[in-house]
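We just call them A, B, C and D in the order they show up, numbering each chain from 1.
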Amino acid sequence: MTTDLRPEQAPEVRSERTSGRETSLRGRLGSAFAMFRNRKSITGLTILGFFVLVAILADVLAPYSPTKVDNTARFQPPSAEHWLGTTHLGEDVLSQVIYGTRGIIVVGFLAAILATVIAIVVGVVAGYVRGWRSESLSALTNVFLVIPGLPLIIIVASMFDDPPLVVIAAVLGLTGWAWGARVLRAQTMSLRNRDFVQAARANGEPLRRIIGNEMLPNLMALIAASFVGTVTAAIIGLTTLSYIGVIPVNTYNWGTILNWASAQGAFRQNQWWWFMPPGLCIAAIGVALSLINFGIDEYVNPRLRSAGERARAMKKQGLDVNDPVTVVRTTTSHQENA
Amino acid sequence: MTAVQPRPPVEDAIEVGTTATTVVKGHSRVPWRFLAGRATFYLFTLWAAITINFFLPRMMKGDAVDQYLSRNRNVSPEAADALRSLLGLDTDKSLLQQYVEYWGLLLRGDLGVSLLHGLRPVTEVIGQALPWTVGLVGFATIVSFAIGTIGGAIVGWRRGSRLDGLIPLTTFLGTIPYFWLGLLAIALFSVNLGWFPIGKAYGVGMTPEWSGEFIGQVIHHGALPAATIVLASLGGWMLGMRNMMLTVLDEDYVTVAQAKGMPTSRVLWRYAARNAVLPQIQSFALSIGFIVGGTIVMEMVFSYPGVGKLLLDATNAKDYALMQGVFLVITLSVLVANILADVAYAFLDPRTRQTEG
Amino acid sequence: MTVLEFDRVTKIYSVRGAGQIKALDDVSFSLTSGRTIGLVGQSGSGKSTIAKILTQLETPTSGEVRLDGEPIPRRGAGLRAYRQKLRMVFQDPFASLNPYHSIRYHLERPLRLHGVVPKAEMDDEVRRLLERVRLQPDAVVDRRPHELSGGQRQRVAIARALASRPSLLVADEPVSMLDVSIRLGVLNLLADLGREEGLGVLYITHDLATARHFSDEILVLNQGRVVESGPADDVILRPQDPYTRALRAASPDPEAHFASLSGSDGGAL
Amino acid sequence: MRDALLTVRDFSVVYDVDPPVEAVKNVTLDLRRGEILGLAGESGCGKTTLAYGLQRLLKAPAVITSGSVVFHDSSGEDIEVDRLDAEQMRRFRWDKISMVFQGAMNALNPVATIGSQLEDVFEVHRPGMSRAQRREAVAELLEIVKVGPQRRRSFPHELSGGMRQRVMIAMALALRPQLMVMDEPTTALDVLVQREILRQISQLRREFGFTVVFITHDLPLLLEISDRIAIMREGEIVELDTAEQIWTNPRDEYTRTLLSSFPRLTGERGVVAR
């Protein structure tokens, strides 16, 4: 029994959670998505939303077809006609980047959905059951974690002559679920011993309700985090595979653009308009996804947020969090504590 | 409460509760139980990796020899058959039989021959490439881990200061694919500034030897790829350590250390960081597989003569024996790195040394 | 009428490397409706094992536990009836309510599961339950646990336990995590409810003083064995077993302390 | 005041957040040399903040906003605690005032042996000591608290809760401080272990003569062990008197409420209405 009866913690700056007055559907949804309700997550979601829109509206947005060859305008730097210049075949880089968003978004989300579903099933089951069943699922998860994924994907992808995006997404998903499963297992194990789960069981709740209604809502933040993490990994995986050239270059994504740019020596000839945009897009979407996850992390563990924020707030008041000595600020005396 | 030690009935009842001397016996300084558990896991993982490896070429559409034949038209059909049986692709044996034979070959250290490298044994081809990869990736990963962990400890400690800005910066670098960062580095430092040579592990015309000049070459050639790997993987370590520090700094023993009048540096390193580093080491073990994945692409970018480049070349040439061999070796290296991290963990965390669980 | 019977229950755990541990050794007692038994012991005495057996997290190695004369059913309708009749109040009110669900949800679930009232009367029943535990229904029913104080939460947990109209309540250290000034209020509430509804109450605690005042009978557990049992005052005021005596001597007792001080000039400690 | 150890005048602590929280309000207190002062109150009453604040152990955003704390050293020197700078404060701590924290696992560094954690104190505060001397001092301390010197090489997780608390006491005793602040030192322990630890504290106090500030919410326990008791509520001391007075003749309404919250082990029945 480690009952912490120590009373006075420094009061929290403010309580984060939503007021639970509303039990309407809206209120419920609100609390289900509470982990996204912070500046970081919202910024990240906005950037991500932008790319999703670009992917959907590619036909409308792109000024040219990504494969339209124009022999009169090769290796052109950015101009009014070609905002991001042209490739060695005179293709419009901007249009390629816009169309390339599709592959990125589709593969990223498909792979993440698949990986998350596997992670939930394996992780939650492994956390809920006990004994050898839990151990063997955990061992399976760890095997998938330890076996280097990318080399495996490279080999598997090379077996297909012309792998469709769905297959690539499937392979990325199948090799990318382990981290999420591990985290979910640990959290489920801690949840299953929580008194409210015991109470539900003593109540006679059926297993599916215990998992679905008692545990899953409390796992949502972790599931979201693992989803976002897998999207990131899948996007990096896809661009890497495309860059290497193990998946065919006729389906455009940012990795394929880099493959062409590299093959045509854009990096050696300073054709920055060709290789910078796709790379920056990958970075931007990566930053967006990490921002979302930072937000979720700080929701799950408020210490992470409050630590920095509070430290800064205190600094404004002339206080230092690391000061091992309590500051004295009496009106009557001395200011020697710098 | 189930861990309560059984005690014989005691005459004096007061003895029962007041002695308070029940200790979990900690005589064993080597955490055998922990290590044995991990060993079992690694053996299982190894078996899984080898089995995956066995099935990989058997799932292929078309076979390696056809690929080979389409490149080398002057091979006779008899030679092709011989090649098939040499590569273990003759399918008149049952899968189980093949599996057993595969293990037999493996245990004799026979990974087949590489079509890409003039039918030289795969082990020999990999043996030449492996030191370069282990050197580059191993060095860069350890440096990145060290800088990230120490930096993360400091950033966590000095929370709220300007150092906090390091976290988004390194995270940004971490979200960029390794290869793009590498390409940018080449474009900037090799092509435009000319500070570093483009690619390869040492200059053309050099023969590997233990001379100052050769070592200097190796460092000069390796600097850029190593720096890129460090930069790209730093963010994860830094963020992880910083977050752990924030958690650990709230622990009672840190307050106790301050109440004891310990100097700040001692509180930071001996109490806070010393505890925060433990989860770091665990995630180090689990991340190695992921890092290795990113770095093999770096070898292609920098034309570095390691196993990563070997794998990509083998993939392009559909040299299955070589692909299999490389995958096996990469997995083995990752396992070895994992074991090292586990041993380090076991020695840093006394709780693993508990003999009774 | 006897509600609960422990009949020579033994529970042995096998611990890797440490052999076998007897968490319960031949424990027998019975509880009748409307009465309260205090189960007193320190950590490791076996009292949590008894709670675990009652919530079916563990099964006895030997012996039998009977509720209303029937052994604990393993599955099916019998098990549902068992869970309706025997209800738990957990120690930590911060952990025993799901942070995600409203108070209404927590009370409606047992009502629904055990079909206590028709759907139309659900709302009224929830309010009635909250009133029974002296909470203002309007003030709490649509709130979430984290918006309530520890004492309020524990009252909600008691209301949840009462929802299925049980005949036996198992309260595992129900007040040890609450602030001292509200402990008695919660205990009094439990006592009132037990009396009014004719509940049998099994009060598990390490605190001799509350056990004495709250229980009709006390069982002292040590190392999985019942070392002493009897009417509460007898056990606490006139303990026979050396272990009980040691427990009593170790428990703070200002009354006796100051009585012995009067006259002598005492080094307090 | 004759033979005072610590004089606290008009002491206030505020958590400088928005809105500011006044955790301790204008506390005035004289701690006598050699006494056991009990500090009682419910969670959030400010008792821990007061005790930590006296040695300026509270982290920002806590700020001491008024008052003075003077430590009357046995050398005859008066130390104004609220005027010490960080380095002086660091040296003052543990040397003059030490602490025993709540006995959970967490107060000891889980990755260091208890021997090294004890030696730490000497290394920092007594730099002149040789390694062998430190070893010897640690062995002696572990002997004093009846843990036994052979446990020097144990890690905290290898000890029971009671043993860990004894190690904490040994640590607090290391520099022979004049004041020991004990923050719920026995709360997490079983009652028999608790009693044993209390006995040990009393014995050590007799032997070494230090003063004790004992913080707990367990008023009955405090009544038995303290010379004087301060009852705190919402940051203020509402009553401060001898234990006997508090027991027999509580003057403050809140003190009476608190007293009546504890059922008597041997007294009248009827606190719980059955």
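Everything that follows uses one rule, which is that contacts are C-beta pairs under 8 Å (C-beta built on N, C-alpha and C of every residue); 3 or more make two chains touch, one makes a residue touch a chain.
Computed from a prediction, not measured in an experiment: that's the story for all the values here.
Engineer: Name, by label, each chain that touches both members of the pair chain B and chain C.
Structural biologist: Per touch definition, common to chain B and chain C: A, D.
Engineer: Pick the chain whose C-alpha centre of mass, unweighted, sits closest to the average of all protein C-alpha coordinates shown.
Structural biologist: Smallest offset from the overall C-alpha mean is found for A.
Engineer: Between chain A and chain C, what's the gap in Å when you average each chain's C-alpha atoms?
Structural biologist: Here chain A and chain C have centroids separated by 45 Å.
Engineer: Starting from the mean Cα coordinates of chain A and chain D, work out the distance between those two points in Å.
Structural biologist: 47
Engineer: Need the CA-centroid distance for the pair chain C / chain D, whole Å please.
Structural biologist: Result: the chain centres lie 33 Å from each other.
Engineer: Specify, in ascending order, the residues of chain B that touch 2 or more different other chains.
Structural biologist: 14, 16-18, 258
Engineer: Multi-chain contacts in chain A: which residues touch at least two other chains?
Structural biologist: Counting only residues that touch two or more other chains, chain A contributes 1, 3, 310, 314, 321, 324.
Engineer: Pull out every residue in chain D that's touching 2 or more other chains.
Structural biologist: Chain D, residues with two or more chain partners: 42-43, 57, 90, 102, 104, 106, 190-192, 195, 217.
Engineer: For chain A, which residues count as touching chain D in their complex?
Structural biologist: Spelled out, the residues of chain A in touch with chain D are 1-8, 10-11, 13, 310, 313-314, 317, 319-321, 323-334, 336-337.
Engineer: Give every residue of chain D touching chain B within the complex, in rising order.
Structural biologist: For chain D paired with chain B, touching residues are 55, 57, 90-95, 98-99, 101-102, 104, 106-113, 120-121, 124-125, 151, 154-155, 157-163, 166, 171, 190-193, 195-196.
Engineer: Per the contact definition, I'd like the list of chain C residues that touch chain A in the complex.
Structural biologist: Residues 43, 55-57, 79-80, 83-84, 87-88, 90-92, 95-102, 104, 109-110, 113-114, 142-144, 146-147, 157, 160, 176-177.
Engineer: For chain A, which residues count as touching chain C in their complex?
Structural biologist: 1, 3, 17, 19-23, 31, 194-196, 198-205, 213-214, 217-218
Engineer: Which of the residues in chain B end up touching chain A in this complex?
Structural biologist: 41, 44-45, 48-49, 52, 56, 59-61, 157-161, 164, 171-172, 174-180, 183-184, 186-187, 191-192, 243, 246-247, 249-250, 258, 264, 267, 286, 288-290, 292-294, 296-297, 300, 311-312, 315-316, 318, 323, 326-327, 330-331, 334-335, 338
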